[in-house]
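What follows is a pair of complexes built around chain A, which joins chain B in one and chain C in the other.
Coming up: the complex of A and B.
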């Protein structure tokens, strides 16, 4: 095979796998920012919190890190629900959510990061999953399981979330809550309860994404920073409340970044990827799957 | 057993602005009562009071459903709707980005409505065949008349005993207003509902109403015990029909 073609194909495939990680990181934000109108800028910090707890638990038990992250989800759900209760009580209820709510989540982000440094130190943590050093080969295309397994787990989790939102009463109410809160009350549905549940789900998704992240790369307390711009870009490009759009945008973002890095060097990749975001928004302001209505 | 609604001497205000002044009215089991009056006379305010969205400053609101009388003042909208009081709100208040069927199913969120979903969904699709054709279409892309059907259907899915309808004619072409009003009568008949309907369109409202009250500046200025009595009232002719 032509070496350039092989490089391109490998760039695309590993970009798709990187996109799987981005999808995991962005799916929870698509719920909180896209559906609940809660600008949770601390979402990547929750992901890093998940990563580091998984790393500690892995060091203690030797269990599979992705399994550990799944086991963490109930605790993260409860944490998310508690944070929403505080956010609602102090900001949303008074209609102060726009700027002061943003400041609140900015503060939450710093508290998580500093708390992590104080509790477990500033150094990088890593895990060694059983499959981390295995790479499948399809012709000249590499499929490292270190990337493939987290991507598949995150797609499965997002698929489950999509089914939950479409098929259950609570899921449909979550999809409706940002569209008209008062109308929900007129259907005997408490919008605050629904948002609490949904915010818990979004933080539980951050725990899963954290498990995926720490399998892919070593993580320190500040590893979330590079994700903040990316996850918001992915959610916006996907059309805010559409999880399908979010996955598509994450994959596109991963591929563009990775192919750019392969051919022109990694310093170009964020510029090109965010340039593509601007282009998409210029042509389709509502994002890939955003609905104008 | 049909349900009834009792409103006694209710005052309500938005801040310092008085919106209702000693309103008393009653909807007997199985009746359709029209709440008439032009815009800004308190019809929607009264609906908001019944539903717990606005707390009256004075007075009593009670619903009797299946032999149990419940005081509504002080309860949350969620609790009140869960008693079996559904509303078709003014402006319809649908979820535009969700499909027709998702909107309908959200109507059946309350536990006691869930068991009846297959029956009520079939009832909705029988009453509004157009909704069946468009069940997976986002509601925001539909016409006003179709959206009004979804709003009525969503209230049916609540499995209510008492149906409140607020300004069903707003934003609809005249022929659709007539059809919507007929549908309300049909739903009431088939489901054995008790209906309180706020409406500005006098001629359409009295086609299906058994009785009616006219609200002027937040007071009940006239009550007619039959559609004919309402039509003959001097007040209605003067203030309302401009005759």
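Coming up: the complex of A and C.
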């Protein structure tokens, strides 16, 4: 195979795998920011919290890190629901969610980061999944399981979430609360309860993303900073409340980053990826799958 | 002669008990107002992984000095604030330390990004400043009271990558091409410039020369592009999270380079050593210390033996081979200068530091006019025979052999680098 073609194909494939990680990181935010209109800037910090708890549990039990992250989701759901109760009580109920709510989640982010340093130290933590050192080869194409398995798990989790949102009454209520919360009251549904449930789901998705992240790379308390810009860009590019759009945008982001890094150098990757975001928003302000107002 | 009665004997014993320890206390216990040493230190944020071990080494030094009677008979006190690994915090911290806390002496926190923002404040107050792991900080300031605890020396461009190139050019057959990869950071730009300069001097063809941003998540495209360029040797400059990503990618892509490494900061940290395990085999890494018999100085082993149990208790870097020896030496330089001068006099301290040699746990040091070491000591080490992920193998000689400089050489270079394959 022509070396440039092999480089291109590998750039695309590795970009898709990287996109799987971005999708995992952004899916929860798509629920909280896209559907609930809660600007949870601390979402990547919750992901890192999940990563570090998984790393500690892995060191203690030796269980697969992705399995551990799935086991963590109920606890993270409860944490998310509790945080939403506080957020709603102090900000949303009073109509102060715009700036004060953003400040609240900034505060949550710093508390998580400092708390992690105090509890487990500033060092990087890692896991060594059984498959992490294996790479499948399809001709000239490399498929490192370190990237492939987390990507597949995140796609499966997002697929399950999409089914839940489309096929269940509660799921449809979550989708509805994003559009018209007062209409829900006419159906005798408490929108606050639905938002609490949905915000819990978004934080549970952060736990899953944390499991994926710590398989891919070592993690410290501040590893989430790298993802803040990316996950918001992915959610906006995908169309805010569309999980399908979120996945597509995440894959596009990963492919653009890696193909650019392969051919033009890694310094250009973020600039080109965010340039593509601007281009998409210029042509389609509502994102890939967003609805126009 | 009058016989000593039993009562007299009792009085004598009481007097001895009261006076002898008092005399001993007068010789050992420091008294008076403390000598306060102020600095910022990264105890949170990205640099905390090295900032916390540095602080632990400083505390060990302070306890030892105070146990031996203090400095100039006064106790030493460390006054430090967390800079959160953010350079923007640093000027305010040093302003407070000097103007409000009225510290007697100042030193720097860890790394170039923290040292440089402190310089204007320190220079305005004419304080003597001993820094830790700053590379080329004083090249622009040219402050005559700046002293650096960093082995890079003052001529980074000519000397930093020399060890790497010397190892490469001693290979048979000689390499003909080189790939350069570095993080977009001040330190790594300087080191890449050194490699670029020396590659040209050695007539090596540079077939890949790219920097990557700190926000990079996936390093596979970088390693694959380097592979596609087919260099014989690869010089890489990276910080810990990136180093793990680069080496993982190298392992997944089954790289085979005659020589691979450089200032890849990462395996210096114990957790990363253990994580990477056999992937480290034959990696050539710039370092400042390795537990080899050729690099032992008075006090080195004692410091590490004192550090390790404390580090385990405080949940910080377990081995302490990277920052702690240099952080301790930073304090030794200050201590020896103060003892020689006999008072806290910033100008006299700086003059003493320029004029004299310092005996430290990292060996004898002398400073040049720029405050850098007169003799650079960039170590190039190679990991050999790493098996599994256990910590004990990294405590003993032979696992991280020193290849350069010749005077500390403890093993022979092995090639190629195949990332554990």
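Couple of notes before you dig in:
Here, the second predicted complex is superposed on the first by the 292 of 293 C-alpha atoms of A that agree within 3 Å, B and C clash if a C-alpha of one lies under 4 Å from a C-alpha of the other, contacts with A are read in each partner's own complex, and residues count from 1 in each chain.
Just so we're on the same page, a contact is a pair of C-beta atoms (placed from the backbone, for glycine too) under 8 Å apart; a residue touches a chain by one contact, two chains touch by 3 or more.
Bear in mind the structure is a predicted one, so any value in this text is a computation, not a measurement.
The larger set of touched chain A residues comes from C, when the choice is between chain B and chain C. Once the two complexes are overlaid on the shared chain, A:222 sits against chain C while remaining clear of chain B. When the two structures are aligned on the shared chain, A:120 is found in touch with chain C, with no touch to chain B.
Of the two partner chains placed by superposition, only chain C is touched by A:18; chain B is not.
Of the two partner chains placed by the overlay, only chain C lies in contact with A:267; chain B stays clear of it.
Residue contacts after overlaying the shared chain place A:107 against neither chain B nor chain C. Note for the complex: chain B touches chain A at residues 51, 53, 76-79, 81-82, 87, 89, 93-98, 102, 105-110, 114, 138-141, 154, 158. The residues of chain A lying in touch with chain C in their complex are 3, 7, 10-11, 14-15, 17-18, 21, 113-114, 117, 120-126, 128, 133, 135, 142, 144, 146-147, 216-218, 220-223, 226, 229, 254, 257-259, 261-263, 265-267, 269-270. On the side of chain C, the complex with chain A involves touching residues 43-46, 48-49, 51-52, 184, 210-218, 220-222, 224-225, 228, 240-241, 244-245, 248, 251-254, 269, 271-272, 275, 315-317, 389. Residue ranges of chain A in contact with chain B, taken from their complex: 166, 169, 172-173, 175-176, 179-180, 182-190, 241, 291, 293.
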